[in-house]
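After this come two complexes, each holding chain A, first together with chain B and then together with chain C.
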Partner chain A sequence: MAERPHLAVIGAGPAGLAASLAAAVHGVRVTLVDAGTEAGGQFYRQPAAALGARRPQTLHHQWRTWERLRTGLDGQIAAGRIRHLPDHHVWCVERESGDGGFGVHALVGPMQDDGVVVRADAVLVATGGHETVLPFPGWTLPGVVTAGGAQAMLKGGLVLPGRTVVVAGTGPLLLPVATGLATAGAHVAALVESADPRALLRHSSALAAQPGKLTEGARYTARLLRHRVRALVRHTVVEAHGTDRLESVTVAALGTDGRVRPGSERRIPCDTLAVGHGMLPHTDLAETLGCALDGTDVRVDDEQRTDVPGVWAAGEATGIGGAALALAEGHIAGRSIAARLHGSAPDPRTWAAAARARTRLRTFFAAVDAVFAPPVGWVEQATDDTVVCRCEEVTAGEVRSAVGGFGAGDLRTVKLLTRAGMGWCQGRMCGPAVAGVSGCTLTTPRRPLARPVPLGVLAGVSEEGLPALSEEDLE
Partner chain B sequence: MNPLELADAQPGPAFTVTFDGRTIEALPGQTVAAALWAAGVTAWRSTRGAGRPRGVFCGIGMCFDCLVTVNDLPNQRACLVPVRPGDTIRTQEGTGHDG
Partner chain C sequence: MAKRLTCDVVVVGAGMVGAACALYAARAGLDVVVVDRGPVAGGTTGAGEGNLLVSDKERGPELELALLSARLWAELAEEFGSAVEYEPKGGVVVAATTEALASLKDFAAAQHAAGVMTEVVDADQVRSLEPHLAPGLAGGVLYSQDAQVMPALAAAHLVRASGARLCTGRTVTGVLRTAEGAVRGVRTDDGEIHAPAVINAAGTWGGDVAALAGAHLPVLPRRGFVLVTEPLPRLVRHKVYAADYVADVASDSAALQTSPVVEGTAAGPVLIGASRERVGFDRSFSLPVVRSLALGATRLFPFLERVRALRTYVGFRPYLPDHLPAIGPDPRVPGLFHACGHEGAGIGLATGTGHLIAQALGGKTTDLDLTAFRPDRFSGDEVNSP
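Up next is the complex of A and B:
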């Protein structure tokens, strides 16, 4: 019997896990490569094992789904069908010359100073997404954290960022973050949401398809009431105050034009601001492989195939839509990969239920996207002396003069003129902000190295294994 | 209620590390950032340009704001690196290579 075909799955969140299980059950050998120390991704982020948490489910919802995934993963690992590589940080995936296979390059361990290569016949990109935070005066003060970051530190490290927290921004993530922090003992002084979630009711077709989402929202709202959290809808944080750390925030009401209503400002004392303005797909690895995007999302077909043969994508990387959508997409991808690697066309009827869930959830999250858009006035809130690029300390004023004074018309030119996006994070944090302040279209810059790589690791890679680098890439 | 109680955590014995010479307690399994947060510390870097304080921002290893010097090695992401008994953690000034 021929050796089982080999799939490399990048990312052990809901999409990567669902795909790994579906593929392994159908005769594929899977290597699950993941940056986390435990499987689960951001949604099911687990406390470090050494913390000995006996009831991690108190920090989570949809725990039974996680238990099913975890049991499935353990079973497939024991059977030798899935190999799980935790704490492996993938920095590049490339097509190998000759046999048409792929090489997945990863750095190992928290110090990320050593490299390994996983060779596979096919690749699933399940790299998830990251949070967008738009700038406002004071947002670089210690004590201002991303909403998802506060949640990740709570779930993974069982710590709170402070005692008195304001949760602010926009999007469906704020509600679970506020309830999670309150349940864990923080005083949540306010939940400040710039959109009006009631607007979702106007998208009745989307809601009718997802009645469970209303129940979920109602459950969070009830918990917030129990913790006496004040919800300020159609409000925004205009400034964070403090000298060396956060001491208070100014919030203000938004008018129907999406701009701050003069005279509505008030101060809320707090030592922590957990802020987020939605999420963006993580597409570096897919782009290095040459996969086409639709806007900011990896483009996939009904089988979750990208336009590059041998490369599938699922979950947030193909468009932000939450864990349930990631599970459906991952399952479909796993089934498709198993069939294709065995040389046959898959039968979509075998994943009909997942396909229906995918359609419903995509419709629902299109409505969510429309409702939870950042208020148009955010650009005016980013005053000229507000830092926009946190790494290189580039201000909104410098970005504006790159456009107004030097005529920059695209993000790359703005970057070359100001260094915005040239630092450690390679523009991941400031991309949407620089685009908004400069008025340029948000495009994902080409990042052949998905994370900083030690020269020693690069030097160990054979020449044909290296992605083509330009001088700019090595900045 | 605190997060450890909420999750019914039973970690191994706490150990000590130092932050800028001050002794703080840490738990096995925590990252450097989690140990510092638990000790009430929120800033452990000053920026290269304006010398402004920074700490955790994204919490998932993406933003590099939480860079810190651990055992004389600068530019460690505090939100990823596990804390170990006896670690010497220092505020990172600028690039961390100035001595």
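Up next is the complex of A and C:
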């Protein structure tokens, strides 16, 4: 049979799924490579089948959108147009010399210690984003979890992180996390948001463009009221207390200057603190391919193409904007890829609705970014003995000394002199914290290994040494 | 308003070599300014492994410099010790076959005659030195003078201890000359720095700084990747490499060479490095290169197959056509001194280089004859007018 062009999609969240479906429907063979055990990504994270969840939809919104994606995926898999590779952890995408194709290198197996390669004519980077957490005294105590982590436990494991929970930080994620925890039976002692979401009203054009988001917010707020959750806006957690594990947190009000108002501190007993300060895109794979970034986001054009031929990007990797934006971008990317791989220029009119949604949502999330910025005073909360880099146990004091005592003026030098960011997470978690404490600009270091790779796998990377997933597997 | 500084000597480059020049010049009583367009250790120093090796150098001027440097590093270690992660761990060079061992023994015998401490070890002794080495090796040589340092920490601590004024993020755009052609300082993008002496310690970019003074110095980059593993308990005790590494270091080939040096570090990770390629300043990741590093390392230490690499980074060694550095006064430009082009050995050779430069600055007889390192040895007729 005539060879249909082959696309590798990295990430099976909303962007990756939408792109896979759009491309598959238009004559492209798709291999969907994903680290999760089930498709859906973080947003549509599915409970493990073994848990036998009877009503998983109660933990989600936009369930119908998910059902549509799931049905579409099942159909395309059955038709042999999409191959879904779950539990595949991609550590590098390489542009192969010669035919201009790509090699997607992934780790598989229960210990992720075997390697496979997927070869493709084009790649879509739909790698999503990750949460950022800024440090404060006590944040490394057991019982302190990330907001996204709490949500993942709930959606994926159907478990609550604790009985009495404070949800804190900043960003649009906090509201659904608090609501989800309360709905599932946790006592949410407080929702502590450092920004004032009412400031969004000042961005009237953004809201006018996205009335649905207002309704969504109102729905969450109503649910919180029903569960008697105390919402503290323009407040922040200044310290987490406990000996062996978390026992309480101190929260305080923020002044208009973004700093703690003296005397406003109060303690809230809790066994869990779910904290998050927004998200950053996962760009390692794109960067190693040579894709240009705009700030922290992969740069794309109107068709979601990066500046590297054959590489597209969609979803959070191109800028944090939530699931609906990821779906729109993924759909556009899939249509563009299908046309380009068949040698023709795509007609943007075929994705006009998605393009309109993309414009509206990008405007809205630009306003969200402006409103939900961490308070400027967080840096002062990180005392000298507060750990900022957990992997290497580097304190704020050590980072400050590298800057003050040795003249480090950028993140790389701070890392070289303190080891902050040299450990397992390679600065993914601590990057924003180290940047803030050191006063350096947040820059993404190159990470050619997107995740830790056994040397035996690295050594075996060759045409003959590794089990390449052959074209026949797909037929 | 642009700043104007006056001092005795300007060191261009805040890497390891510039830091050592600053330290020894300051200790000779000179007022020093260190200027760098980037941060401290921002170039090759920040991408290095911190090899202080005598083992890989054949008899000759570079070995003499390495032996002088090793003594000076040991002295500095008394002062800085753990702050710069100095470890006199020794090196073990292994040979897979009896033929390779025979030529390694010959190589070591010549080094021994030049003052290197060498100890030939048989297969069993190699295993007791490094219990996790692959079985079946013919033997090796133990070099107890090989040591290790954390290069970025070393550069930062030496600069600070020198008391030199440090101007980072400031680019040298010109070398100021008198009517007679002598150096009188540097021009930067943020004002002039006046001094009767300028030291070119710009590493891989040393050719550009020389050109600003109208001097020809053909420094070129030789790319290297280093692999870093997850933190481990100390399973690799020495700097360990296979005998063919020496041939790679001395090679003129532009093609990729990888016979990696494998070593544990004070912080826990095992370092594997480094490849050698001439591809200009191309920073793009090369999976085949990193693959060959991993292959070489796992052949030496099979247990590494299951160990995870956390990161890899790239750097550019500054090399000159005859693989020797340029050290000393430039006869073409009075007041200009060079301390660059150390290829992959700059961390190790930094102390000797700084010491010799300080002696030359003071007009003293240098401890080593600098003839082999003369900066004008490549083509003396290419001096441009100031």
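Annotations
As a working rule, the second predicted complex is superposed on the first by the 459 of 475 C-alpha atoms of A that agree within 3 Å, B and C clash if a C-alpha of one lies under 4 Å from a C-alpha of the other, contacts with A are read in each partner's own complex, and residues count from 1 in each chain.
Assume a residue touches a chain if its C-beta (ideal position, glycine included) is under 8 Å from a C-beta of that chain, and two chains touch if they have at least 3 such contacts.
Because the structure is a prediction, the values reported are computed rather than measured.
By the document's definition of touching, neither partner reaches A:D385: not chain B, not chain C.
Judged by the touch definition given at the top, the superposed model places A:G162 against chain B, while chain C stays out of reach.
If you count the residues of chain A touched by chain B and by chain C, you find the higher number for B.
When the two complexes are overlaid on their common chain A, residue A:R447 makes contact with chain C while staying clear of chain B. In the superposed model, A:W424 makes contact with both chain B and chain C.
In the superposition on chain A, contact is made by A:G405 with chain C only, not with chain B. Within the superposed three-chain model, A:E94 lies in touch with chain C and out of touch with chain B [touch as defined at top]. Look at A:L455: by the touch rule set out above, it reaches chain C but stays clear of chain B. Shared-chain residue A:L416: touches chain C; no touch with chain B. Touched by chain B in one complex and by chain C in the other are residues 392, 423-424 of chain A.
Residues of chain B that touch chain A in their complex: 1-12, 27-31, 33-34, 37-38, 42-43, 47-50, 52-65, 67, 76, 79-82. Considering their complex, residues 38-42, 46, 152-153, 156-157, 159-160, 166, 168-169, 227-231, 267, 272, 283-285, 287, 290-291, 294-295, 297-298, 304-313 of chain C touch chain A. Those residues of chain A that touch chain C in the complex are listed here as 92, 94, 105, 113, 288, 290, 392, 405-410, 412-413, 416-417, 419, 422-424, 426, 446-449, 452-456, 458-459, 461-462.
Taken together, the chain A residues at the contact with chain B in this complex read 35, 42, 47-56, 58-59, 110-111, 130-131, 140-146, 148-154, 156-162, 183-185, 244-245, 390-393, 423-425, 428-429.
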